[in-house]
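Each of the next two complexes has subunit A plus one more chain, namely subunit B in the first and subunit C in the second.
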Partner chain A sequence: MNTSPWIHLFLFPGLLFAVPASWFYVWGERKATARMQRRIGPPLLQPLYDLVKLFGKRTPSRHGFEANLLRLWPALSVLSMVGAIAMLPVFPGGRGFTGDAIILVALLEIPSVCFILAGFTSGSVFAEIGAIREAILSVACNVVFLLSIVTIAVSGRSFRLADLATVSLNPGHWIGVFGILLCIPAKLRINPFSTSSAEQEIYSGSLTEYAGAALAMWELSHGLEWVALTGFVATLVVPASGPWWLHAIQFVVISFAEVLLLTTLASATGRFTLERSIRFYWRWAAILAMLSISASIYMRFLS
Partner chain B sequence: MNLLKRFMHRCRRKSPSLFHLNTGSCNGCDIEMLTCLSPRYDVEQLGIHLEGSPRHADILCITGPVTRNTLEAVKTVYSQVCEPKAVVALGSCPGSCNVFAGSPVIVGPLSKYIPVDVFVPGCPPHPDAIIAGIQRAAEILADRGVSEKAKGEPQR
Partner chain C sequence: MNIFRLIFENLRSGTVSYSLPHTHDCTSDQYRGLIVNDPERCVGCGQCAYVCPSAAIEVTRSGDHYTWTYNPSKCAFCGRCIERCKPRTLTTLSELPPLYSTQDELKQVLNMVRKRPVRPAPAPAAGAMPAGAGARESVAESAKPADQTAVGQRKEDLK
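Take a look at the complex of A and B:
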């Protein structure tokens, strides 16, 4: 379906869908964690209450270049996530251009970069520790993330998202999807890879000094990251045929199923130390990714 | 009160974030407070959650009789919490210094230094009492957000 880019940006899967969906996913994560711990958990509107309350806080007035930078990072993070979500090939036969997968990967990386820069800009010791941890973890998990995407691209013989979104029986495609799934906990900073935002040890890491509306923007950005990353995997596994509305429903259902899967992983594991997280990505996941990409390139030469 | 203010009042009442500060407590009240987060009491269903940084919090939960060493920390952390905010004094210690009264290292009670909104007496208080106290503080905070202007800016 050849829809207008404005629909993608503002209606579906853009702003009008993504913002309520981010609240729903965050609620789903908190509720599922609570149910797994035999608690009742928060009400459905809890993420909305939290966000609106933060917008109503009176924050200390800061002036100067650093203050503007501190406001810029969460805004940039939210904008890049909205852009990434709008690029997702939800509908079959959509627009797109050669190489848009590379832009999507770059947009998905911006929140992490903003998180690191926010930590260094705020000047707090705890924020700097959080930023350093995030930087190290981001380098480790991105090797696997990029190799997985290249594996999918080599198997699909294209860097165009609409081509990659058609499910193939090629094993390289599925190994790539598995590799991306392995990286999502580190990108979302949830257990077991949550060292960079550990609230008990380093007072929430990079966001220690944030308050009020700027913190609310970070919360929104985190929710949108959930939508973008789970949505990206959902587009890779939804079958290509069928009417557009079926695609939209499958997209939402698979994304939410991924949220539940990641929540189960997060509540079943404790927080890894930084060293252990890096060892996991460099030693196990990177080897898997290297093997899969070599196999995909070899199979391409064979065929 | 127009619709927007009423909605904001509801959001503030339904989403109190706590910052927990120990000012020389024996840990009894701290353990009782953490019990509130456990499956038996589950305060998350009321929207209550613990925050790591005072900047992110609305309600300051203070335990302990305020020792000389922690006094500056209490004042700093209180000023770091953004308006509208509320303070809950957990246990008998912040209210009356309890059995530590008269000690040369104790400079309490807490209300000499910062305004306290809710006292939850007990040594230690029951988790039900703590939850009731936090809920009361959330209502005070929501009313304050609607009625009052900012008294002063939080410390940088």
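Take a look at the complex of A and C:
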């Protein structure tokens, strides 16, 4: 099904879908966490209320180049996430282009880079600590993330997202998906890899100095990160066939199931220290990723 | 894996917390809500503004008029103004304040004519004063500037 890029960008899975979906996923995460802790949890529209409240707040005014930079980072993060979501091959037989998986990986990394830059721009000690932690964790988890994507690409013999979305029975494909799932908690900064945004230790890290509309943009960006990352995995595990509406429903259901899975993981684990997080990614996950990519290359030569 | 068993048990056994109250009848009698000023009794002494720790109350005077301003968005609801108010003109509402979105939304501004506190004249001792002297003293007392009267009150308080 060849659909216009404008539909992808503005309708589905773009802005019109992604923004309400981000609220819904964030609500799902908060509600599920609350129920696991025997609390009632927020009402369905709470993420929307929070966003409206933040946009309506008056904040201490900053002036100069630094203030513009602080406003730029969350906006850039939101834009990159909208672009990443629009690239997801949610419709069967989507067009895409060769190498669009690399663009998607780059877009998915921009919020992390913006988070780091925001920390150093704000000048707060806590924000700088959060930025340093995010930078180190990003390097650690991205090794596994990139290796997993390369594994899937080698298995699918393509770097085109529409080809990768064609689910194969190749074990390399599924090991790659597992590797991406392992990296999502670090990319979303949730437990056990929430050390860069630890509220109780460093007051949300890079977001310490943020308030009002700029913080609302960060919240929106975080919600869109949920949509993009879970949606990316959903496109890799949902068979790209059948009518488009069935595929769209499968996309949403699988994404939300991932949200619940990640929430359960976050609720069941405490926050890892930075050293432990790095050890996990570079010792265990990286070994798994290296083995899987080696196996995929070997099987490709055999075939 | 005990944690997953615990999570499953929590999900199965339901919530233990209560839903947030959506009504305004959940306060006790001693709840300190918004401050209300009675303009009929207020004398404009400014003691409430003097003791307010968060500068939520301001009193500005110009001639015989004064403006009493109360900004609930700054108020700490400590109740010191009510304690200090001698004419007992300040009271507190025992209900939750309404929700507001801007800082000055609930601001109260009262423009009033300054009144001097009238004190009961001391009873003249029999034969000690000529007739009408007590009344003259009473008039003189009430004609004092309000600041002096406030100082007198403070002295009485200290005694």
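Everything below uses one rule, namely that the second predicted complex is superposed on the first by the 303 of 303 C-alpha atoms of A that agree within 3 Å, B and C clash if a C-alpha of one lies under 4 Å from a C-alpha of the other, contacts with A are read in each partner's own complex, and residues count from 1 in each chain.
We adopt the following convention: a contact is a pair of C-beta atoms (placed from the backbone, for glycine too) under 8 Å apart; a residue touches a chain by one contact, two chains touch by 3 or more.
Just so we're clear, the structure is a prediction, and the values are computed from it rather than from any experiment.
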- subunit B versus subunit C on the shared subunit A, clash or fit? clash
- Message: According to the stated criteria, A:L88 is in contact with first (subunit B), second (subunit C), both, or neither; which is it?
- Response: neither
- For subunit A, which side has the bigger count of touched residues, subunit B or subunit C? B
- Task: Kindly classify A:S204 by the partners it touches after superposition: subunit B alone (first), subunit C alone (second), both, or neither?
- Result: first
- If you stack the two complexes on chain A, which partner ends up touching A:D50: first (subunit B), second (subunit C), both, or neither? first
- Return first, second, both or neither, reflecting whether A:A140 touches subunit B, subunit C, both chains, or no partner chain. neither
- Just subunit B (first), just subunit C (second), both, or neither: which does A:M36 touch? second
- Based on the superposed arrangement, let me know which partner A:L104 touches: subunit B (first), subunit C (second), both, or neither? neither
- Using the touch definition from the top, say if A:R58 reaches subunit B (first), subunit C (second), both or neither. both
- Partner chain(s) touched by A:I190 [first = subunit B, second = subunit C, both, neither]: neither
- Note on the structure: The shared contact residues of subunit A with subunit B and subunit C are 34, 37-40, 56, 58
- Note on the structure: Per the touch rule above, subunit A residues touching subunit B in the complex are 30, 34, 37-43, 45-46, 48-50, 52-53, 56-62, 126, 198-200, 202-204, 207-212, 215
- Query: Where on subunit B does subunit A make contact in their complex?
  - Reply: 7-8, 10-12, 14-15, 17, 39, 42, 44-45, 47, 50-53, 55-56, 58, 82-84, 145, 150, 153-156
- In their complex, what parts of subunit C are in touch with subunit A? 3-4, 7, 10-11, 13-19, 101, 103
- Write out the stretch or stretches of subunit A touching subunit C in their complex. 34-40, 56, 58, 264, 267-269
